[in-house]
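Should a chain be cited, it is by its letter among A, B and C, assigned in written order, with residues numbered from 1 in that chain.
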Amino acid sequence: MKKTTLALLLILSCLLFMGLKLRLDRISRERVPGSSFIYMPSGKYLKYASFGYSNLLADLIYIWAIQYFGDTRIVNRFDHMDHIFTIISELDPRFLDAYELGAIIAVYDARHMELAYRILDKGLEKNPDQWIFPLQAGHYAQMLMKDFDRARAFYKKAMSIPGAPAIVQRLYANAAFKTADYRTAWQNWLEIHQSTRDERVKRIASNHLYQVKAAIDAKTLSEAMQKFEDRFGRKPETLRRLVETGILSDLPRDLDGRDYVYDPQTGEVKAPSSPWNR
Amino acid sequence: MASALEIADLHKSFKTGFIPKKKQILKGISLTVNRGEIFGYLGPNGAGKTTTIKCVLGLIFPDRGDIRVLEKPHLSLPAKEQIGFLPENPYFHDYLNANEFLQYYSRLFKRRDGAGDQKIQDLIKLVGLEKSAHVRLRKFSRGMLQRIGLAQALINEPRLVILDEPLGGLDPLGRKEIRDVIVRLRDEGKTVFLSSHILQDIEMICDRVAIIVDGRIVNQGELRSLISEKLLFTEILLSGIDEKALAGMGESVGTQAGRILLKVSDEEKIGRVIKLVEAQKGKIHSLVPRTETLEDYFVGKVKG
Amino acid sequence: MKIPAIAQMTFKEAIRDRVLYLLLFFALISLAFSRLLALLTVGDRIRIIKDVGLGSLSLFGALMAILMGTSLVYKEIDKKTIFTLLSKPIHRYQFLLGKYFGLILTLFIMLAAMSLIFLVILFFHTFTIEWKLLVAILFIFFELCLITAVAILFSTFSTPILSSLFSLCFYLIGHLSWGLEAPINKMKPGIGKTLTRALYTFLPDLENFNFKTEVVNNLPLPSQVYLPAVLYGFFYTLFVLALATLIFRRRDFI
């Protein structure tokens, strides 16, 4: 075969197939995203099927999951998220990233807080040394849901794990305060105040203690004032009157030893200073 | 006289090695093979015999030079229709048997759908493989492969037959048979071009030879004209004579079972040895004049 | 008659190759596995059998094409059977074409065998035979024709291992090249974009032969794709074989 005919054939066929490709590109074909999901097996079989490469399989499923949950075209893609992350945790219980990421996706994309808590709980269950999981859970509960009850429970769990950073106790104390458990709040802040060597932390603890005391005192005072009102039908002129009338044995003072400020017109009791600017 | 094969100034080099270094294999080969003769192509290993042959067949493309087969360009299909080729150490498709194999190859030629069955049977008989016609080539011995290779070279009744080491791997009987086939081919008017190491066979059947050393033709021509008829020495095998008496006549090459092999260089001394043996009532077993053989010539040319 | 002669011999040799049967065995295992997989997963059983089945046919078919194509030419050169063959009055392209046709005949038989078993397994589940499946399998065969040509191309100048690797790369690129489309569309117009688009058009797009998605998801087959896809395969194969001939014709056989 002559070289020229061959070269001609080469160029011609190349141009033709490229032209056909352009034509084919224009014909749209359906893509069904998420169709690969049907291959997600139930957890217990998968470990056997992985032939000892369960960690690798966990990694692969994890990577796949990231793409899958990130693909907005897939309808109802969060339906099986629980299932998938359960699988990952069964294959490789110590795969820490997966728990964290699962929670993030649950919180921010799926907006499913319970799922996030579940994932993080499972992470803690399989990895009892990872204080980060309950810490994160508490963080989500507090920051996003303002659910201080849940947050408190999580912080408590985190606190008991050796190696947990000091801030966890502070968060716990704060959450206790927010849930009106002043006793616990007081105890913890006191502990913090006494045990820390960090000047800044000491000050923070002191401020919180002030706040807690102020809240406790405010409660005491308002209960007393109510009693006064019940007895005398009006608000007391000064706070002293509460002691004089025997309702209170003595007048609570703020943490710095100062008196509370009382406005007889409104019946409001305020702390003489703000907890943060003493 | 028309030529069967003409090679003019053939050059071929290869680039070998990891850092390609050019190695010149053929450094200007020129030779002519006449029609109807048996032409021998000799040379030491690595001289370029097989390379030359592959250039002729279009398996390798030369850098420079001209090749004409039966006065046609060597790569043209009409030229190839007239060539039969047997490579060195042939190997063929294992799973075919001899018949099927020859059928297959015959279909690659221009003629009608393959040579007739009779033709194939004749060829198989010619190379002495009748008993193995239905045996798979996988089971063939080296010698048998050589023979079937020769058969496939002849399948198209070629005018020029090129054989690369055709007698390798054959026992003495086989060699004789193939030599006879080659001579028969010449008698049928075909031209045979063969390369070989086995100089005795070349000596026996070739009309003309060319000797290639290190990529160059050092000599070519009629066999007779290359080797002088000069007598080198005479070997006499005798017994019954005391060795000491032979001193000065010639060189005693060896003694075995009472017989002495004497190498006499001087022609006159031969007569004296004969007289001595007669006188002492000894016996001459053989007297062989040794002229220069092709081997002597060849070794001489190769060595320098 | 020379090309058919070589094709016939190639077929006889290829059909004896044990590698083919090994791959066939694994393909059957894979098909059987699809049944097992169906038990283990949450998806629809039939879908999985179809999906894994067609995927196995495509994958193992490609492996057969690659392994056979790369070894066949190399074997001839290595065993020196090519010397006597090429010294005969045939053009080198006739040799290549003969090998090619012999190979695709072999692949056709192998694919038919695998498909038969696949369809039988499916029949026992659905008690119907879908024409869609046959069309999908036909296009898998066209894909294999192209892959075989590529395998032969590489084997004209490279060892079997490298050739297999390159051919495998061709297969992978062929199935992944569609991914380039989105990034190209996002590029700023200019010479870079044009060049990349030209490259994208040149790269093989084996997805044109892949109707798995439509078959498995019970979508209608895109019939307007049929003719262009077949022609695409044909001209790409022609291109590859022409390239192979170009390389092969001046090759020295030492």
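Please note the rule applied: a contact is a pair of C-beta atoms (placed from the backbone, for glycine too) under 8 Å apart; a residue touches a chain by one contact, two chains touch by 3 or more.
For clarity, every value in this text was computed on a predicted model and none was experimentally measured.
Of all chains, the one whose CA centroid is most distant from that of chain C is A.
Of the two interfaces, B-C and A-C, the higher number of touching C-beta pairs belongs to A-C.
Remark: chain A and chain B have CA centroids separated by 93 Å (rounded to whole angstrom).
Our note on geometry: chain B versus chain C, Cα centroid distance of 48 Å, whole angstroms.
Chain centres here are Cα averages; for chain A and chain C they lie 52 Å apart. Touching of two or more other chains is recorded for residues 91 of chain C. Across the assembly, chain B contributes no residue in contact with two or more other chains. Listing the residues of chain A that touch chain C in their complex gives 1, 3, 6-7, 9-10, 13-14, 16-18, 20-25, 27, 29-32, 35, 37-42, 45-46, 49, 80, 83. On the side of chain C, the complex with chain B involves touching residues 1-2, 5-6, 9, 12-13, 16, 79-81, 83-91, 250, 252-254. Listed in rising order, the residues of chain C touching chain A in the complex are 37, 40-44, 47-48, 91, 93, 181, 201-202, 205, 207-208, 213-214, 216-217, 219, 222, 224-225, 228-229, 231-232, 235-236, 238-239, 242-243, 245-246, 249.
Listing the residues of chain B that touch chain C in their complex gives 14, 54, 57-61, 77-78, 80-81, 83, 85-87, 89-93, 95-96, 104-105, 107-110, 113, 149, 152-153.
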